[in-house]
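Please find the structures below.
Next come two complexes, and both contain chain A; in the first it sits with chain B, in the second with chain C.
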Partner chain A sequence: MVSSIRIWKNQLFILLVYLSGFITVSLLFLGFILLLSKGFQSLSLEFLLSPMREGGISGGIFYQILGTLILAITTLFIVFPLSMGFALVKSIYIQKAFVKKTMELFLYILNGIPSVLFGIFGFFFFVKYLGWGKSWFTGGFLLAMMILPTTTLALSEGINRISSEYIENGLALGMRKTQIIFSIILPQSFSSFLSGVLLGLARAVGETAPIMFTATIFSGATIPTGVKESPILSLPYHIFNLVQESYHPQALSNAWGSSLVLIMLVILISGIALPFRLRAHEEAKV
Partner chain B sequence: MTNLHSSKVLSVKNISVSAGDEPIVKDVSFDLYSNEILTLMGPSGSGKSTLLRVLNRLADLESKLNVTGDVTCCGKSIFENYSIYFLRKKIGLVFQKPCIFPGSIMRNVLFGVRHHLKLDRKEADGLAEEVLKKAHLWDEVKDRLNKSASILSLGQKQRLCFARVLAADPEILLLDEPTSSLDPHSTHEIEEALLEMKQTKSIILVTHQLAQGRRVSDRIVFLSSKEGVGRLIEQGSVEDLVSCPKTKELKRYLISEV
Partner chain C sequence: MGILVFVSSKAILSKPTFPFSVTGAFSLIFTLVSLLFFCGMALFLLIQGSPIFFQEQLSFITDADWFYRINQYGAASMIYGTILVSFLAIVLSLPFALGSAILTSEFLPNSIRVYVKSFIELLAGIPSVVYGLLGVLFLRPLIFKWFAPFSPESGDTLLTASVILAVMILPTVMSLSEDALRGVSKEHREVALSLGLTRLETFVHGVLPRAIPGIIAAVLLGLGRALGETIAVYLVIGRADNRLSDSLFSLKPLFEAGQTITSKLGGSELYIAYGEPTHWSAMIGLGLILFVFVGVIVAMGEAVNWLGRKYQHG
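So, the complex of A and B:
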């Protein structure tokens, strides 16, 4: 009978879907358990709040956390206006389909560039050519460039989801374009935008490649005092170095601890994004 | 009745609208006089809503739609001699389907007007009360002005949109089936309000209820829809059109109405 074969195929397929879902989730879970068991022992308040000593063998990771936070906040401040401007121009001001498609293509290409290329480009262009030097600002700028596609696409997706009725009603009430942008478009796409920004940021804080040549050093930096030539320490680069160069068991254990902190930071940022993501879905249903 | 001293406020001349190659409305001409209610009738799909959208310039700026012909308002072309923002304040359009912005009832009432006028708190409250009363919604919402507007019933939303348009105090009102979701009593109240507003405004009313047209309007413009294209086939006073329709389309419309 045909139908019984179809039912059988259907069930096999469902089984495969569940199986692959299960494999992915359990790999993720195993990784996290491993990280937790290895990293937890070096975790303490002192570890979080004191500066590194003896090249990472002892002491904590205070300035690494601070540096990563500085990078994240800089990225946030740069990516916010840039992607907002970009998305508004793309979704509202430009009517020509060809230009829109070209901009979209540009964003997808930017999205596909390996992060190490951002690092190399940033090093030659910003650090050397423009003379910004290794600095938190250069790093934040590059990370912002790196997540710009994610945030811009999230915002324009949010904008495109706004029912054209709202815009039409605003126009019919005699509102100008800027008034419509500020009282209809931005408020209504803000949740998808914010969730896009936070998810992009969660990815950016874990990146090593774009910042290792442009923003961060392994030791000797504390709180930045200027914009140019003021490098910082950072969690990803710290982990990278401890694992690379040290055979000391304590250094390795500190690397696990730092990794756990970094992962928790990423989870925290994604966690903040979650309610906005849900609200954006909620709004899309209306 | 249109009195002899009233003047033309809006003059629609040979308006045709098409979407790409598909004609929607063809060669429509009529006038609107001051202090009159003109009813636009016609079968579904004959282009009534589209015509209203031409009049406050939503249609000709839509890239898909192609509008030819002219509309003059007080003798000047709306396409050439008006700032689009000024025109839309002067000609208010209440859409067929109510659209409520996220936020409170108060926010919705003041949504457009707060960009045009600098209102302090007291003036804003006063204006909101005034227009909500005119739209016969005040009693139902006066205790929850700061609550979300999205929970209102469809008929309440319709009146809220009406109030929102009234807030800008337009000289010409375009109403697209403003009572389609209302009970007879609220319908009656809105009709009373329209008759009162007629003292200071001119109104184009789209309705499917012939009885409503008879109750409130001075003149009727009837559109037919042949092969999907709307054409103006008859216009005149209510009595003339109802008692002796000249075209078979209107006759058929009138018969099925009863």
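So, the complex of A and C:
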């Protein structure tokens, strides 16, 4: 019978879908739980608050956390104005559809550039050509450039969603373009922008490749005092080095602890982004 | 009509009402800074990377002889490693990614779907160095044990790198494919079901054709990620130079250590290369090849997306 073949095929399809979905999600969940439990075993207040000793084998990760926070804040301060300006130019000051489309494609391609290329370019330009040596500023700048496409696209999407009546009302009130930008366009698209920035930042915080040649060293740095020759320690690079000494059990345990702290940081930043993301979704529906 | 008004009111904004505004000037400066950086980066790759193509000519990409001490550079084994590892990663992750995307979008009730989706998106945010840690500690011994009949030298193999990459890109591919499937309107499913089609037929004939551009774009994006991933691959691939088997279709290289473009670029050889023009140019040449690969794949993904939108809106 034809229909019974149809039903059998359908049952097989449903079975396969459930099977692959179940395997995927449960394996990933298992891995995640493993990561958390291993991390929590080696986490303590002392681990968080004391500096590293004996090349990562004992001691904590205080300066690594500090360094990662310094990088994150630098990135935030650089990416905020740059992507705001870029998005305003892209969606307000330029109206030619062709130029807009080209810029958009350009941004998508930039978004795909492998992060290690940022590291190499930064190494050549900042570390060697400008002679800055390793510096926290270079790291923050490169990370900002890495997430710039994401944040710019987020803001310009937010601007495109603003209902035209708001802008027309502004024009009818006789507002100048600058006034419209600051009192209508930016406030109305702020949630989209902020959620884009925070999601980008969550990605930047965990990156190793752009900063390993340009900003961070494994040991011997504390709080940077200048820009030139002022490297920092950072969590991703710390883990990267400890993994390569993974035959040492204590180094390994510290790597788990550091990974957990890094993941927590990423989750924290994405968590802060969540309400803004929801609001941006609501704005999109109106 | 609404759209017409929308366009025109923003078009008014684009006309300079004042010859000069501070906001406009700053926006322009910031845009120029960003564009300058990216153009500088592209120029850097082109100018510093191209001399090696003049020196080694085609043998830079066809020969597997990278010996920087005798000034000989052939990157074939790295290009081979990059392509093999990322394609295998896509092949490995696609059934799982698509299966779970179909499950969440077509079968799960909305209340569970939200949790699955947020969990998967959480995984997409986990830093690559953490995936590297998991790969070194769990996958490496497993691969060594399971594939003992193939007598691998260690657990650091191209296969290990592919599996890690497959896990890393799975959340991206799954989440974006799920978005594409959800983007198909409910009516298509309801009409097909009401005609008496089974779930499978509904999916294959009603949903899939409309979601396929989005799924292809998701796969291409995953591929782009896989090509450019550095840290996790670096930790598990073994970083052995110039391994290239005689036959392209032999499975042997999968169980041997190898090298990808990114694992080469991420290594400390970069410090050695700086200051020796040919060696440096060879390294940047590798970067240039990677850049071209990724650029082509992202552009392809955008083209597919664009075609899909055009097709859907008639």
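Simple rule for what comes next: the second predicted complex is superposed on the first by the 257 of 286 C-alpha atoms of A that agree within 3 Å, B and C clash if a C-alpha of one lies under 4 Å from a C-alpha of the other, contacts with A are read in each partner's own complex, and residues count from 1 in each chain.
Everything below uses one rule, namely that a residue touches a chain if its C-beta (ideal position, glycine included) is under 8 Å from a C-beta of that chain, and two chains touch if they have at least 3 such contacts.
None of the values given here were measured: they were computed from a predicted structure.
More residues of chain A are in touch with C than with the other of chain B and chain C. In the superposed pair of complexes, A:266 makes contact with chain C only, with no contact to chain B. Of the two partner chains placed by the overlay, neither chain B nor chain C lies in contact with A:77.
Contact with both chain B and chain C is seen for A:95 once the two complexes are overlaid on the shared chain. Of the two partner chains, chain C is the only one touched by A:148; chain B is not. Contact with neither chain B nor chain C is seen for A:40 once the two complexes are overlaid on the shared chain. Contacts of A:187 after superposition: chain B is touched, whereas chain C is not reached.
By the document's definition of touching, of the two partners only chain C reaches A:111; chain B does not.
In the overlay built on the shared chain, the residue A:176 is in contact with chain B and with chain C.
Overlap of the chain B and chain C contact sets on chain A: residues 95, 163, 168, 171, 176.
Per the touch definition, chain A reaches chain C in the complex via residues 6-7, 9-10, 13-14, 16-25, 28-29, 31-32, 34-35, 81-86, 88-95, 105-106, 108-121, 123-125, 128, 145, 148, 152, 163-164, 167-168, 171, 176-178, 180-182, 202-203, 205-209, 212-213, 236, 239-240, 243-244, 246, 252, 255-256, 259, 262-263, 266-267, 270.
Listed in rising order, the residues of chain A touching chain B in the complex are 95, 163, 165-166, 168-176, 179, 183-184, 187-188. The part of chain B that touches chain A in the complex is made up of residues 56, 58, 63, 85-89, 92-93, 95, 97, 99, 101-102, 111-113, 115-116, 161, 164-165, 168.
Note for the complex: chain C touches chain A at residues 2, 5-6, 9-14, 16-18, 21-24, 26-31, 33-34, 37-38, 40-41, 44-45, 48, 95-100, 102-104, 106-107, 116, 119-120, 122-123, 125-130, 132-134, 136-138, 167, 170, 174, 198-201, 203, 221, 224, 227-231, 235, 262, 265-266, 270-271, 274, 283-284, 287, 290-291, 294-295, 297-299, 301-302.
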